[in-house]
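The two complexes that follow have chain A in common; it is paired with chain B in the first and with chain C in the second.
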Partner chain A sequence: MRNTLLALILAGRAGTAAARGNIEVLARTCNSCHGVGGVSAGATMPSIGGLPRDYLSNIMKQWKYDERSAITMNRIVKGLSNDEIDALAAYFAQQPWVPVPQKANPETLARGKTEVDNNCADCHGASGGDPDVDAPPLNGQWARYMELELQKYQSKEFKMPHRKMRKAAQQAKPADASAAARHFGAQGR
Partner chain B sequence: MARTAKGIFTGLLLAGLLLPGLATATTATVQEIATASAEGQEALPIENHRCLRCHADQEEKFSVARDGSRNNIYVDPKVLEHSVHGKVACVGCHKDVTKLPHKKPLAGSIGCVECHKQEMGKLGKDADPKKRERLGVVLEQTENYLHSSHARPNPKDQSRVSAACHDCHDAHNIGTVGTAQRAEHRLQNPEVCGRCHEKQKDDYLGSIHGKAIVEKKDDKSAVCSDCHTTHAIGSPKDDPAKLAITKNCGSCHKDAQRTYLSSYHGQVHQLGYTNTAKCYDCHGGHTVKKGDDPTSEVHVNNRLENCRSCHKNANDNFLAFQPHGDPDNKEKYPGLWWAKRFMQALILGVMVFFWVHVLLWLYRELMDRIRGKGFKENLDQPDIVYFRRFTPVWRWIHALFAIATMALVLTGTSLLFSHTDWAKAVVTFLGGPKMEGIIHRTAAVIWLSIFLVHLAIVTVNIWRKRDTFNWFGGTSLVPSLTDLRDLKNMFLWFFGRAERPDFCHWTYWQKFDYWAPFWGATIIGSSGLILFFPEKTAEFLPGWVFNIATLVHAEEALLAAIFLNTVHFFNVHFRPERFPMSTAIFTGAIPIEEFKHDHRLEYERLLAIGELEKHLVKRPSRRADLAASFLATVLIVAGLTLLTLVLIGTTTMH
Partner chain C sequence: MHPFDRRSFLKSVSAAAGASILSVAPARAAAPKARVVVVGGGFGGATAAKYLRLLDPGIEVTLIERGKLYTSCPLSNEVISGERSIKTLQSGYGGLAARGVKVVHDEVTQIDPVKKVVSTAAAGDFPYDALVMAPGVDFDYSAVGGLSAELAETRLPHAWKAGPQTLLLQKQLQAMPDGGRFIIAVPKGPFRCPPGPYERAAQVAMYCKHHGKKKAKILILDANDGFSKRPLFEQAWKALYGYGEGGMIEWVSGVNGGQVEQVDVSGMSVMTTFEQHKGDVINIIPPHRAGKIARDAGLANFKGAWCAVKPESMESTAHKDIYVVGDSCVGGELATGNPFPKSAHMANSQAKVVVASLVAKLNGLPPPVPIYTNSCYSVVGHDWGFSVVALFRVENNQWVYVKDGSGISPVTFGTKEKPVPVPRIYRKMEAEYADGWLRNLMADCYA
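Our next item is the complex of A and B:
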């Protein structure tokens, strides 16, 4: 009896190790764009390491079921099972969030701060590093990527299921939205 | 261990440093928070409009937790604005929100009690008196709540109280007195209480109160808090709650409460005891319905069953009892009305006549004394010869009669005047209404026994002298025309138009004192027996007899108590010739000179037939005299005390 139990426990642990191994392999496909450990090196590609698990899982499923617009990601995630999506979300959520502070001119930063204080801080935190449960951290995220995202959210054809974020983006002037993106991009830890 | 102690010390130090700051933040308004922030803090001030960005979002009124549970987070900004807390910062109450976005879920506890106390402390001398008054009400209610059963640990979850402030009050929607919000909250009361008390709510919704609230939106109908109070809510199994609920019924049903409190049920209840029928025992509590509703507990078809919950052997005659019988309502209760009018006329007639008699007598004796007339004790030659007025049997009978009567008056009036503090104190001292009833009935049995024993002795005495007994003679207590003449002559003397009349063995006022208990024994005794044995009585008499019996028992007893302790006391003890007291009924003898003055005809009669000697005795010993004076003093003081209590009761009765 005791031997059987031991065997079951060992088998379970072995299975967990195998699963972790598979996810790391799967995650490598993401790394080619989003960087090793989810820390992106390209200005238009977002860092995803350290984003909240629920946020990641949610957004990938929205792409999979065409609830959210995308050009490439919706195609990629359609090849993943929901379990794989959840496992990938958990994997990247475990990675440390590594901000990449980017420089911007002081005027833009000041304008961005005002916009962030007025419209963004309540969900993402004043510096983007203290987000709400359904909002991602934005401190040190790539500013150009955020700028492009906001432009997409401002388009009425673009499917953006997060009602409040879409509304906030559509209410902001393009220049303010851009400045807010620069402000978040300039933040470190 | 040392580390722990150090940790606690550090914690206390930090708490000490932080608490003053917290205290300020507790009641901070929006403006105060904005200013504080502007003075150099990095974090953005958490103003209400930032909170309302999410919490006033009509499209997302619910937040969904990870376990799928939904939580209403919506706050109507217009409602909040008109609430008494409309100018308080959200974070003034939600103190765990120190940044945005905030942690989820928020802490359940809001420091209402502490905040209101601090608010009161902050009021300056020139503060708006209305604000002080309202805050005073809030603090009083807070105190009531803290002692209520809601503030005790929840039996199902000891980590929380049974109900906290926000379980009943929607803190974002507390209207000031007289506002629509307030009225709406009142209509919602059964719904709010019913969240926990589901069965009671269901019962209530089927009641006349519930239907008026829910169907007619009649906010004058009773809601839960009207009966159970808003904050001082106790277990309905405990006496304070039972007393409070019955009292609160009377806030609306004033007449019903007045008539209830004058019944035996209500009198016991008013003394603070709950072992008699209360409003909800007969009418149903949450299920109360109109009497003509066949499902009502007081409907004529269900009433007997209702009575039987206490009176096990109640029969159909109980149905004729009028639990709310009102002797002042002629249309509805004519029998009771006439009974009261008759008793009042009797009391008024007797008392007015004898009080006039007392006052005139007092006036005349004082006038005579001023003129050096009237009986005066000769101090140079004190009497050593006494006339024996009373044999030991009559002295004992009088003493027992006096004590039993006083016990009856004390125990009876403490029930009749149950509204007074003295009655409550007396009943508590005696050990409650049950003991009071036992004492009252024991005294009544003693009283009636003495009365019957006296009748037996009198009968035997008269039978022995049947051949020579002069029924209307001077030694007989039977009233005669002589008494009428004496009465007329007394009045002439009062007005100074004749000499004081001479009397034989008994005077007319003594005869009145003697015969009054015959009437009293008939009225009080028979009504007392009816009330003593209600179920036996109901076997052959209708229930309304109890109403009449209760009324006449009390009225006749009042007449007796007031008469004895005023008129009888004056005639025997307090008139100037006797003041401060006569001890004749205790020693059995009076000085021969006093006898000659008061009963000259009897003195002369005995002298003429040569029988005076047979009645003469020595002066009572000094010890006997002292004992008699002591006893008389005790009884007179007790009687006057009772008179005072009765007068307090009568004059304060509503």
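Our next item is the complex of A and C:
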């Protein structure tokens, strides 16, 4: 009896292990651009491990259905089913958020802090580490990546659906937005 | 329960989802679960070695590679134009060693698929339970009369394996006079990095444009009649350097006599099917085939040049327990003209398929569902880049090229009837992503 039970549990777990194995196989394809565990090793590519699950699945679906512009990701996600997107979102959300240590010059940091305190902290937190439910953590995200994202928000050439974030970005001078990105990036220690 | 103990199985299946399939080492430091030998420490071999250790530290992994310092070919065209230092493309093998990979620097001389032994020039023999072959490509110098391996090292660098030849080609470009002609000879495919020669043309043109050689010509003599990302290249060439009649870059297709058959190094000229072309720099990329050691091992059973493998595992169709990844193999949806491109990302992706399948097999777990992805960025100007991505799945033991999930950067926006140019900011950002992509790819293989 106990043995049958154990066998059943094992079989069940083996099934789950297989399903999880498959999502890990899929998630590993992301590592070549986003790093193992979603911790990026390149300044222009975002870390994605530890981003909130709903944020992840939401933006991937926006790309898939052309509701959001991207340079590369929109092409990649079109090959994934919604179930795969949800599973990837759950997988990366379970990874720890690893802020990457980055340096910036003191002047930029001061300017960035002012901008963030005045115009960004409400939704992202002063360090970027205390975001609203619909926003991702920015503390120790790659600054260069964030500058590029902010350029997308500021440019008329990109569809960026989050109205309030778009508004906040468009109200910022490019140099202030960039300094804010440096400020958030430098929170990784 | 199979060859490993139940406790570690339970532990591993209940481990946090973030952990690897089998993150728990066997309780005793007993004999390894299996001995896997990896031949070649390029993108494919390095990935296989790293992920084997990452997924199952109970497996003993030996990586045999002749070189101590690996230089990435991706983005090496930027070294030729002086935009990038070659150091940013290099990695040693310390990262892999730190993961418990036994790194052996030696020449692999023989493979016995029956006795399952790999022999090396100096370090002796390595028996294996499973062998991952990732020796890259070999160049067939005999295909072009007058060309030799020695000339490639000294006068006519192909620079199709990044390293000293890349720097030699860079010097030759720098020494080229204004008004000089830079010839790039492209072999019949398949060759590695399908967009590579055209990216190189752009990088050379960029160098000339900004270094007082505005009258230079880049002549691409191509054995093929079309090329990867062609509309994107032609658009960028036109906009940045001038293309075709009177432009800096000219492309001659195979049917128009682009195939180079002979080179005369003393007269610095090449002969194509139709005519002779003089060049100040002659960059002949010789035709490719699977690495010699793979061919010698009897693995090259596809057109005598490439190694056929099984879609679900990348196991060779010629020999059991040998897996071939990277440039040496052939796969993909061949019938529709969508083969696996020979690229670094593809090699990385194939190696992950091997590892997932091998680790499952060695642990008595069901085979995982394989998935193959590719991406390749081309940088054609300081702030102009574009990319291609590809997705392959396996259905009924066949590779399926998934169109949704694959494709090049947009050539135009708007509609078919009313196309509008893609805003420059898209090309600009893509050039930036190329750098982040390479850093992550290198880290994914070597860190």
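The rule is short, and it goes like this: the second predicted complex is superposed on the first by the 173 of 189 C-alpha atoms of A that agree within 3 Å, B and C clash if a C-alpha of one lies under 4 Å from a C-alpha of the other, contacts with A are read in each partner's own complex, and residues count from 1 in each chain.
The working rule: contacts are C-beta pairs under 8 Å (C-beta built on N, C-alpha and C of every residue); 3 or more make two chains touch, one makes a residue touch a chain.
None of these values were measured; they are calculated from a predicted model.
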Task = Could you check whether chain B and chain C clash or fit when both are placed on chain A?
result = fit
Task = Classify the contacts of A:Glu157 with the two partner chains as first (chain B alone), second (chain C alone), both, or neither.
result = second
Ask   = Which partner does A:Ala121 reach: the first (chain B), the second (chain C), both, or neither?
value = first
Inquiry  = Looking at A:Pro131 after the superposition, I want to know if it touches chain B, chain C, both of them or none. Which is it: first, second, both, neither?
reply    = first
Message = With both complexes superposed on chain A, which partner does A:Ile85 reach: first (chain B), second (chain C), both or neither?
response = neither
Request  = Once the structures are superposed on A, label A:Gly37 by its partner contacts, choosing first (chain B), second (chain C), both or neither.
outcome  = second
Ask   = In the superposed arrangement, does chain B or chain C reach more residues of chain A?
value = C
Key: Gap in Å between nearest CA atoms once chain C and chain B share a frame through chain A   = 23
Key: On chain A, positions contacted by chain B and by chain C   = none
Inquiry  = Can you tell me which positions in chain C touch chain A when the two form their complex?
reply    = 1, 9-10, 12-14, 16-18, 20-21, 51, 54, 345, 348-349, 352-353, 356, 360, 365-366, 368-371, 373, 375, 387, 389, 391, 402, 404-407, 409, 423, 425-426, 429-430, 432-433, 435-444, 447
Message = Show me the residue ranges of chain A that touch chain C in the complex, using the header's touch definition.
response = 10, 13-14, 16-18, 20-22, 24-26, 28-29, 31-37, 40-45, 71-72, 75-80, 90-91, 94-96, 142, 144-145, 148, 151-152, 155, 157
Key: Contact footprint of chain A on chain B as seen in their complex   = 43-44, 50, 53-54, 57, 59-60, 66, 99-101, 104
Message = Going by the contact rule set out above, which residues of chain A touch chain B in the complex?
response = 54, 117, 121-126, 130-133, 135, 163-164
